[in-house]
Amino acid sequence: MWSPVWLIVLPLLMAFISVVIKKQQYLLLNLSILLNLAVLYLAPQGMVIIGGFRPPFGISLNFDRYAFISLLLIQVLMLFATFIAGPLAKKYGTVLLVLLAGINGMLLTNDLFNLFVMIEVVSIASFIISTSNGKFTHTFHYLILASVGGVFFLLGAVMVYAYTGTLVVQGLFATLGQLPNAISLIPMMLIILGLAVELKLMPVGSWAKNIYGNSNVLTGPIFAAVLAPAFGFVFGRMMGEVVVLNPITGYTLLFMAIATFVLGELAAYRQKDLLKTLAFSSIAQSGLAIILFTLNLPFAAILLLINNALAKSILFWVATGVSTAYETSSMKGLRGVFYNHRILGITFSIASLSLVGIPLFLGFYAKVTAVMAIFTTGLIWIPVVILATAIIEGAYMMKWLLQLWSPAKEGHLASTEEVPEKREALNMTQIVAVCLVALILFVFGLVPQRVGRVLSVASQAEISQVETVAEGGGQ
Amino acid sequence: MHEVQKNDRSLWEVVGDYFRANSIWMKWYCTGCGAIEMPPTMTSRFDMEQLGMGPMATPRQADVLLITGYLSTKTLRRVIYSYEQMQDPKYVVGFGSCTLNGGIYYDSYATINQLDKYLPVDLYIAGCMPRPEAIMNSFGELIEMIKKGEAKGWKHYKENHEWYKANQMDSLGEVIIHDEFHE
Amino acid sequence: MTMIFIFLGLSLLLSYVLSRKQPTLGAYFTIIASLAGLISVYLLRNSVGVTESFYYLNFQITTIGWYFAMILLTVYFTSAFFNPFWMDELIYPAAYNSLYLLSLVGTIGLFFAQDLMTLFICWETAVWSSMLIVQQGKSRQAAWVYFVISAIGSMSTLFAVLLTMYLSGTSEITGALTYFTTAPVAGALVFGAFILAGLTKIGIFPFHVWLPLAHGSAPHTFSPVLSGGLVKMGAYIAYLSVAVFPAYQVFGDSLKIQGVPLPIYGLMILGAASIVYGTLRAIQQEDAKRLLAYSSVANGGYILIGILMMDQMAFAGGLMHLLNHAVASAAAFLAIAAVAKRTGTTKMSELGGIIHRMPITYTVYLIAIISMAGIPPMGGFVSKWLIFQGLSEKGLILLATAAAFGSIGSYMYVFRPLSAVFLGQLAPKYEHIKEANPVMVTAMLILTAMSLLLGVLPNLVLKTIAKIQIELGINPIIVNGTATLTENGSVDMLQVFTVFGFGFLLILILFMVLPKSRRVGLMDTYTSAEFIHTPELLHYGHSFYAPFERLYEKWPSVLPLYKRMSMKLSELGEWAESFFFHPDPNRAVLWIVVVAIVVIIGGAQ
Amino acid sequence: MTNSMSNWIETLEKDLGVEVLDSPAKLQYFIDVEHTNVHQTLAYLRHVGFTQMSLLSCIDWIEQGKFQLICILMNWENGVHMLVRTMLDRENPEFTTITDIYPGAVYYEREIHEFFGVHFRGNPTYQKPLFLERWDDMPPLRKDFDPQAYSDSKFPRREHPHVFKTKVVEVTE
Amino acid sequence: MTLMNFIYGFLAVLGAFVFQTSLTGINRKVTARLQKRRGPKWYQQFIDIFKAFSKSSITHGWVYDFGAIMALGGIAATVIFIPVAGMQAFPGLDNIFVISYVLAVGMLGMAMSAAGSGNPWASIGVSRALTNMLAYDIPFMVVVFTLIYQHNTGSVSELASIQQGVGILGWNFFKLPLGGIVSVIALFGMLGKKPFDSFIAPAEIASGPMVEYGGKQLGMMFTLHELMTFIEVSLILNLFFGGGETLLIYMVKYAILYTFTNIVSGVMPRFKIDQAVTFFYKVPLGLAFIQGLLVIYLGWGY
């Protein structure tokens, strides 16, 4: 009865129903997410094979701890995202349901071709969502890149099938590893490049600047807090199960990821626009996650993804809410805006401090775990780069915090006269929802080891030695 | 005018007068052409320092105020101001005929004719200008006067303050000027 | 000890609640809370070695930690007296009060930290909480620079902490750091990363830029804490990295200069550079708070040199200078704050003659600067004397010269506010100001009394320092009654004080015997016989040392260098944005092709 | 006088419509103009290079019942001094300020008012005293002012013969 | 610390004052002879000081008086610390740093008092005096550090006694000639003799810090100047010229050293303050460093 299949089927079903009953799409959306949560809680873990065919012909789902954690995160964030987006989510209810189904499928599937299909479903849904701010050119750019990426992925999957005769994700790397280097090289590259578009990896992630940078209260959180971790988890799955890296692909990927991280932070550093800053910050953070996955350190990467998803969702909610209310997202226009929005300000501060990795918040634990894990690989220069870049990240986040809190001009004491007039950025229920997410982040920060213990089970067996070190690091 | 009684000095004052007589520091207000007679008096030809005399930078440190030449009303105001900043006992020496009776500026609309109406002059040195020899001699005279307690112009000024002030007011109108350049 | 943290944590929340109701009430509460902290930490003096865990934070009471914590608490406690009077100037008073206590918790935690992770967590807590306080002052830029420079330190500490934990397999400070005795190469790396944090926080030469900015524009009540307190966190890190970390063993093989390994000598040279640089820049400043901030840079140099020496005399001097400078600098900042409260400015050329209205504040400032300049009989003398003795005993002539320069130069810069703010002509607009509030005066007098006490009876503190030295296994400073003995000379401050008092008494009698002086007004002064009726014009406060300043006014400043660096980073970001993050998908496709070709060609080989 | 200089002078004469007079001094010329034409003359001269106003002064021609204002200009390009002179009525000495053309004239106008009593329309500060602190009589440089009388009234004079109190000192060296 | 110590201390102050004031008077005559004048009486300086005390005075507020008392008190206390021919009122307090810093109390007091008069000339003078101090003290301190390193003691009396008993070549002036020259140059700066007297320039800034002093405060300042001269000359004498085995030798050496500075300064023009700084940081500081390096690394002068 309680099968993880429901996670895909239910939203799709609801989507079809919602086409019929247009007025109730929002309700259906929330209903399906809640039901999904129930399914998640009740469904037994393990492989599920649908249709009775053996893989590769049937659809098989791999519902393990990894999938569980990622699905849980996605459902929760989706719930909050739709709830806070309110009216917009009502308008796009059907699309969001399709998106949810696609994401769940993506995270669950055990088949490369199915994965491709799900990715396309998710992509199309996200194109539609991204049009909600009316900037069609940006969506068009995104569409082109995502299509290219999709084609690459498909090609890669086809080649894998041609060489190995199987598309089952689990354990694919063992089969691929037996192939000669020159043969496995190209499908691996194609798969990674295919995912790279959605992961916002450096040369192909340029769409994110404008999609994130012009987001509204729906698109920003959906992209930064739902799509980004979802693809992050998919990438993690790929790295863990499928991708075989030889030195050249490995280092190219690592280099691209580091470049994404560093250049993304640098680009964020110079932004004078809040949403653009957050956009580049997202690009950079996904670069960091890719570094960790590439180095085969999934535990740290998962922690990072979770922290990033929670923090970014808060940041985007507050940022889009405030910038919509004040009709600007520039540093000058938003100066001192938190004076009248104390609660939003505090949640924003918690999220940004956590993002930067300041102690007492989850981000710190994530950063420490990441660095400690990288030490085990022996590449000591990577932590140096990461920490040096963290200075830049801290610098721009703090600049924003300072400007958003303080209404005063430079060189003068602040006075209440300069505070911008109070406008409603988010309504009371939305604020409560944002606070709940912030509370989750805060509580996670207070009990990092417990979070880590839960997550460490989620990471794969070969990562268990990393985990002990990371546990030590969290003392 | 109230005259100061002679020889009513205490022992302390007698001793003090001895020191004061042998160590006369001048505030030398270069009002006119007489100033040029001072450098020879101070340097090796006449060597004022053998009398224990020497120039000082400010009125606070000085004992004797030398008025070396004619005084315009503008200058007189500043001279009075400087004199009042000096520490008791203090002495005034007028140089040349300009301070005595106006000299060649007797009919100027801007120059006073008689210094002792405004400040208690202890000693005048006549001449236009007095030569260093005359200056040295009169310093010797001043020393004698101080020793004997005769140079008591500062007491005189104190006791006849109203009289001096009235004279100053008559000629100058106002000693401490308030105008746009001094506010 | 856990109770102290829980208590402070609760009082932090309570002060927030109180301040939301009535800001002044919350501010008064900070006094009580910090006093309670002070007393309870003082009572820990006999429980050295006790370890406690609170959640995943581990603490241990050590003599040095206790010493540092006492310094910090004294500064926090006395500065808290000023908080109530600034509440109406702040835009977030409740946040101020609670962050004030939070930064206190962070700093104390740092000093009592038993493991590296606790150390780092407390460090960061103190940094960001104080940064959020600084931004409530005049300048956001300042708070930002403060954060960024601190972040450089934080990240290098984090690197060092994690590497140490990874390599040594333990996180307990002493155990982890002594591991490097056997691994000198990694040890050098860790030492560099650690000491960088210390340098940034003390404000040593190339990293000093945040000090004048942050101290100069922080809320007036917080500047003393920054200068007298938080800077000392860096000194603690420097202490850890040279005393607990086996720096002299790790660099045992390197070239030695007068017995000091070259890397440590290099750091001392940085300390010397910051003495000279801080002194020269302090002489130039027009704003009293910025001047004192630069003086903190200079004094930081003394502390660093002293601690790095790790010997009998200079080390003791460095540790004592911590206390002396904390007390003196806090007192000086508070005195300036008291003046700023009454007059609304800290620019020296706009003030003048305040002594005639605020004599107690003047006295407080006077004693503070006497101590800061290292003139007996105040505390600063003893510590500087010890540093001088240590340096000249080892023959480190360059460092000694810098120390002498800073010492003589400090007469110049400390005298400047004394002359321009307190002495000189009183402007008519300040004719009716009053002496500082009794609450503020109390705080200032406590610090003044401490300065004097430290100067006359330095052995009260030197005993504790000797205990620390014994724990570290170096020759302790020898104290005998009231005398302080060193290898090349001794001094008995009580005797010096007595002789000074005797001389003063002698002259006082002479002065009293001589006839009484007549009181005249300030404007009745020698003006070359010109009539001047405007006191402001007769006040000499602007470009006080103009001829001297002209000698080095063209020298490059460090701040533009950082600005340029920041701009370069922005440019790099712009380049990245236009090159790699261009919205045109064609470019992205091009890049994909390039990457594909690289991978295929590279992989085919 | 070089040829070019005389040409230049001729041009000036033609443009101004007045005669440029030589003076005993080298490179120094006079122009006499009506007091109503002074401003346009000055404006023109400033335009042709007389950028510096060295002095504005006054002479009391008591027999003619006139005040003469003299404005000394200098041209830094060729070193020529030009003295622009004009006559004012002595009974009612009024003149329009030249501070619009030469702002530096403001203190000269104050001085001339102080010493001669000439009024300058358009200069708001010309009536303020400049040199003579607390002057209380007619302007002292007018020729009908009697300094002796003023001195007698203001500054007491020593009555002669005066017997000096101290002995006459023999000057010896 | 007994009563006798204090009596000795008082006598030391008195003796130093009488000795130095007479010497100043004599040197005024020497300067006069240098300028082909007859000059004042040898006790003229006493007359000047006592005359100043005998006059009336003014005050500009309590800090004006307090500063003057603190200045003279601090200087008098410093005199007590100075070892003269092995004699000391308070044995064991003659550490060179103590002396040079207690000296600073007096300077600070004087600066405070001067600035307290509210006169801008005084403030300018103080600013120049402090700049001058920064100029001359650094080369001198370098030499002092060298001495302490060499002899492993910071006590002035010990440093003096080390030089005694081996004849004139035992003096540090001959053992460390560069350092000796530096400290004699620094002595000019300390004493405010020409060419380093711009801080009391009478014609430019109306005698600088002294501008408002008259009467007893002026007398105190003169006394202070005498005592300060005594301290500074004694310091150089003890450090570089072997102090004195007996009081007489000490006094003779002292008189020669002081008269020497006076004669040299008698024929000198005056440096501007920034020129003085540049000079001190170029020549004497360089020499002092060379001396220091020679002693520390090559072991000269032992």
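Note that the chains are named A, B, C, D and E in the order they appear, and that numbering of residues resets to 1 at the start of each chain.
As a working rule, a residue touches a chain if its C-beta (ideal position, glycine included) is under 8 Å from a C-beta of that chain, and two chains touch if they have at least 3 such contacts.
Just so we're clear, the structure is a prediction, and the values are computed from it rather than from any experiment.
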Supply the minimal count of touching-chain steps required to go from chain A to chain E. 2
Starting at chain B, how many touching-chain steps does it take at least to reach chain D? 1
Would you mind telling me which chain pair, B-E or C-E, is linked by more contacting C-beta pairs? C-E
Averaging over Cα atoms per chain, report the distance between chain C and chain D in Å. 66
Between chain E and chain C, distance of the C-alpha-averaged centres to the nearest whole Å: 35
Indicate the whole-number Å distance between the mean C-alpha point of chain B and the mean C-alpha point of chain C. 58
Could you grab the centroid distance between chain A and chain C? Build each centroid from C-alpha atoms only and quote it in angstrom. 43
The positions of chain E in contact with two or more other chains are 56-58, 206, 211-212, 215
What are the residues of chain A that contact at least two other chains? none
Sort out which chains touch which and give me every pair. A-C, B-C, B-D, B-E, C-E
Of all residues in chain C, those that touch chain B in their complex: 524, 526, 529-534
Considering the complex alone, what residue numbers of chain A touch chain C? 138, 141, 144-145, 148, 152, 181-182, 185-186, 189, 193, 197, 202-210, 246, 248-249, 252, 256, 259, 263-264, 266-270, 280, 283, 339, 353, 358-360, 364, 367-368, 371-372, 375-376, 380, 383-384, 387-388, 390-392, 394-395, 398-399, 402-403, 405-408, 410-416, 449, 469, 472-475
Please give the residue numbers of chain B that touch chain D in the complex, ascending. 73-74, 77, 100-102, 106-114, 117, 123-124, 131, 133-134, 137-138, 141, 167, 170-174, 177, 179-180
Complex contacts: residues of chain D adjacent to chain B: 128-129, 131-134, 136-137, 140, 145, 147-148, 150-151, 154-158, 160, 164, 166, 169, 171-173
Residue numbers of chain E touching chain C in their complex, please. 1, 6, 9-10, 13, 53, 56-63, 65, 68-70, 72-81, 90, 92-93, 95, 97-98, 101-102, 104-105, 107-108, 111-112, 115-121, 123-124, 126-128, 130-131, 133-134, 137-138, 141-142, 144-146, 148-149, 152-155, 206, 211-212, 215-217, 219-220, 272-274, 277-278, 289, 292-293, 296
